[in-house]
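Heads up, the next two complexes both have chain A, just with different partners, chain B and then chain C.
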Partner chain A sequence: MSLPFLDEFRQGAHLRALMEKLNERAGELARPVRIMEVCGTHTMAISRHGIRQALPESIQLISGPGCPVCVTANADIDRFLEISLIPGVIVTTFGDMLRVPGTRMGLAQARGNGAQVQIVYSTLDALKIARENPDAAVVFFGVGFETTAPTVAATMIEAHENGIDNFLVLSAHKVVPPALEALCNTPGLAVDAFLCPGHVSAIIGPEAYEPVADAFGIPCVIAGFEPADILQSMIMICDQMTSGRAEVELQYTRGVRPGGNPAAMAIMQKVFQPADAEWRGLGTIPASGLAIREEFSAHDAAQRYDVDVSYSREPAGCLCGAILTGIKTPRDCPLFDKGCTPDHPIGPCMVSSEGACSAYHQYEI
Partner chain B sequence: MKSEDRILLAHGSGGRLSRELVESVFGKIMSNPILDRMDDAATLKLEGRLAFTIDSHVVSPIFFPGGDIGRLSLTGTVNDLAMMGAIPLYISAGFIIEEGFRLRDLEIIAGSLQAAALEAAVQVVAGDTKVVGRGAADGIFITTCGLGSIPQGIMLSGSGAIPGDQIIVSGTIGDHGAAILSHREGIEFDAELKSDCAPLGALVGAMIEASPNIHVLRDPTRGGVAATLNEIAYASGVDIEINEEKIPYRSEVRGTCELLGLDPLILANEGKLVAFVAGSDSEIVLETMRKHTFGSEATVIGMVQNQASSRPRVYARTLLGSRRIISMPTGEQLPRIC
Partner chain C sequence: MCLAIPAKIIEINNQMANVEVGGVSRQASVILLPDASPGNYVLMHAGFAISLVDEEEALETIKLFEQLAAGQ
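So, the complex of A and B:
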């Protein structure tokens, strides 16, 4: 296997030519535009490649609610931490979650206090741990959007069909379109266009954004993750703004097909059903979460473990909520790089590999 | 002892089996007049300023593409000496072995440690073996100490970088870290990704001979080039700017990083160095390095600037021409990379 495409997408001369084109288009704009990159992977790419610093003054990029770890409410994190402390439980999660602070402690501290925590790269690894430890209950923390939920669902189906009853999932999964709609209804939000997530769109399809583009008159361009993709998508947004259009357009044609991935959606819907969910920063959004269906309830950690997390609260002084809705930027937070650093994080946005504060701190401070 | 044998707790007891193991493996493979005396300590005669260092090696897996824990434990320590401008001379090695370890594997590891010692022109003059019960170690851990002599007039330190210095890397970066990770994760490429694990003493010797104006040498091991540049910026009180377009990577390394979501700048190297050289001498140093096997792909990646803000900073000039920060890697580093 080789990845020759990387070189094509990362040629300096090509990128600088695209930037020049973007500068030209930005010059034709009637007024400055604020573009929200919805996805945390875009936030990271923008910081990592120095795109924000290279932008013309009339274009501002602001980060949105697309970092799954960041939007997970503290109550969900605390619930997972409480479950991790139950004897006989092995909790499994993606690496990002290890350092995310809960109300009383983080997973790393829970591990120090005796919790059995295993970091996995895939839900199949978690299922393997369940097979190898039949006497333990293995709980996977399901955090993520439509990109992650189908693989979790497929693993649950496999566990269900093979009678691996000690594999459980605590689902804090969320879906993107209701959040975008809620965001558009947020008072004080000034977003002129959305840079939409490439990976999520590969599953849900470009059509999923049409209600937002139509109802709120906001251009939506689905972008890939290379710097060239992001620049080209911003050029497309400028063109829409200049010509007075507000449409869903697909830049990431090599990754996203019209209609998305119906097979993945079907698997997701077989296991999960829409449920109200609490988002950090956005509050409770109707039908924006994914609850485990009755048929799979034997694998639902929320049903098996009734833990008390009434003590949950958001960290004092942390602006993660406002940052996730684009109302504030990481630099606006009084804790940024003062009380809150990657080594001593207070809010999740400083920890997650897709978090805005983490991206700013790592690449832009 | 036969190759199919396994290491027993008794091999570390100090008794008959211990002696048998030391004689039949280490004594045989690493034989030299100092080691062969088998006294309680090696006696050495050295003059002038010395460099003295220690490094423990716990890499997993112990055999990896491009090397094994034996070669790594020798080159790691030799390179630390070389980065001080020292001529590496003597090594001691401590082996902690898990009960049940295959003797054949130990022979291979000792053999590649010795082969690397010959390559680096050093002698293993002292050693120790301990065996621990099953589960108390993972296969084998090796700690090596190294002693080297510093030629007259050589004064290298991480605090020696000066504004105007050119920054040279000796070749492609991230090879070791990417080789270990892709091996662990089962990622395969058309061309096998190999660790760069190599002794750099001879390369450094040639560089020092070519120029008296080398200010800093570092081998960017754990934390990679990102950590090394940050350490030097802090120690020297300077800013550093490197040019992203100039950083040499193997395409397989970049592919691995894309798949695993890693930055090649934080990946460990085990056969590369970063040199800070006075601008006037950068050409001659570069030319010298390129004549050497382990420096053939050497290239200038950036330069040292005056510290512009309240703290020393490392910047990258991006492909877009903008500037971003290269920060000190944080959090849990990739475990057991060396």
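So, the complex of A and C:
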């Protein structure tokens, strides 16, 4: 057995039955509903399996701000690029970041200009690079949500405890619940329900969405990543809509526990504290970012390197901002598949495999 | 980027686990998941185990699908 029960989750008979039930439930809806899939991994799964096109007409699935690379503001990307050009610095990052365009250049270009860039799979690899290069400062670009932030925090604690002072992090981490609140307050955004991210929820727990469900009357269903999970979650949303409920429900019961993962939360909170953060498309959202606490300031790249990024701006003509808030879809962008393709991306949504533009380009045209 | 894949823990030494992912052996830190033990399936993200996979809950979900399919 390679993965537990994967075949059962992918069985055609199950998918057909779920789709039939979803159609049935959709027929009972009083009006069409717009469901936002918050998570980029969901966007990718939905696109790859053609779920968006197969839905009944009364259900519309729109992509949200759940691709961490995509929501990273250009100022943060430019800051990382500037740091990469400082002599004696090795920058490390997850692969998605390599081709993301900053205001003046991208990381691949910076590399051409002499920057030492290493792509890592895990922060532990970045820490290893720091150990092996004691004379260099190794800066990891911390991009990601609550799924990723605890892994970065655990690595920073290890660096701190072992005196690996040349391991630094530029933290552009973000947390999801404040963004959902900001979305609910966005004029022009008509979202009826959230399909909530499974792996963020594995850390923060389903309870974290209760304020959103309560304050805005929006059903929140935490979904797994197989097509069957996503279909079942949409059935649960329809059931809530027709019975007038707005609750947090957990479909992804095999991956998410009530209360989330308290050990991971504690490690994350030991290193990071809430801070206002700028999101592409959503602007500055109070307490939606994670700043490095004073105790770990020796590992804070933002404190060690004071670089000027006042020139930062978003790419001209790119609609990523409006796409990340569900106001536009990639097809609304005049550059989609014209000036902007995965080979020549103009905005980050075309770079990251979880970006809506990239997912639509790969699977939905 | 929040992709996490199921992995089976084979052994744990000093908070590093030997895990099996689709027949391939890899390393994962279990520092974020102190309850993990050999034999468990975990969700692995960026080199860390972040959550246990609850096999009973997985079976429950599958049972629900099966009932649905049987009802058609």
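The rule is simple: the second predicted complex is superposed on the first by the 363 of 365 C-alpha atoms of A that agree within 3 Å, B and C clash if a C-alpha of one lies under 4 Å from a C-alpha of the other, contacts with A are read in each partner's own complex, and residues count from 1 in each chain.
Rule of thumb we're sticking to: a contact is a pair of C-beta atoms (placed from the backbone, for glycine too) under 8 Å apart; a residue touches a chain by one contact, two chains touch by 3 or more.
These numbers were taken from a predicted model, which means no experiment stands behind them.
Shared-chain residue A:Arg16: touches chain B and chain C both. Once the two complexes are overlaid on the shared chain, A:His361 sits against chain B while remaining clear of chain C.
Look at A:Arg254: by the touch rule set out above, it reaches chain C but stays clear of chain B.
Applying the stated contact rule after C-alpha superposition, one finds that A:Ala30 touches neither chain B nor chain C.
Of the two partner chains, chain B is the only one touched by A:Leu98; chain C is not. Of the two partner chains, chain B is the only one that A:Asp343 touches; chain C does not reach it. Of the two partner chains, both chain B and chain C are touched by A:Tyr121.
In the superposed model, A:Pro68 makes contact with chain C only, not with chain B.
When the two complexes are overlaid on their common chain A, residue A:Ala316 makes contact with neither chain B nor chain C.
When the two complexes are superposed, the chain touching more residues of chain A, out of chain B and chain C, is C.
Overlap of the chain B and chain C interfaces on chain A comprises residues 2-4, 6, 11, 16, 121. Chain B makes touch with chain A in their complex at residues 185, 187-191, 245, 251-252, 254-255, 258, 261, 263, 316, 318-325, 327, 330-332.
Note for the complex: chain A touches chain C at residues 2-6, 8-9, 11, 13-14, 16-18, 20-21, 39-41, 66-69, 94, 96, 121-125, 143-145, 147-148, 150-151, 154, 197-200, 202-203, 228-229, 232, 251, 253-257, 261, 263-264, 267, 352, 354.
Of all the residues in chain A, the ones that touch chain B in their complex are 1-4, 6-7, 10-12, 15-16, 19, 47-54, 95, 98-99, 121, 227, 342-343, 353, 361-365. Contact residues of chain C toward chain A in the complex are 1-4, 6, 22-23, 29, 31-34, 41, 43, 45-48, 50-55, 57-62, 64-66, 68-69, 71-72.
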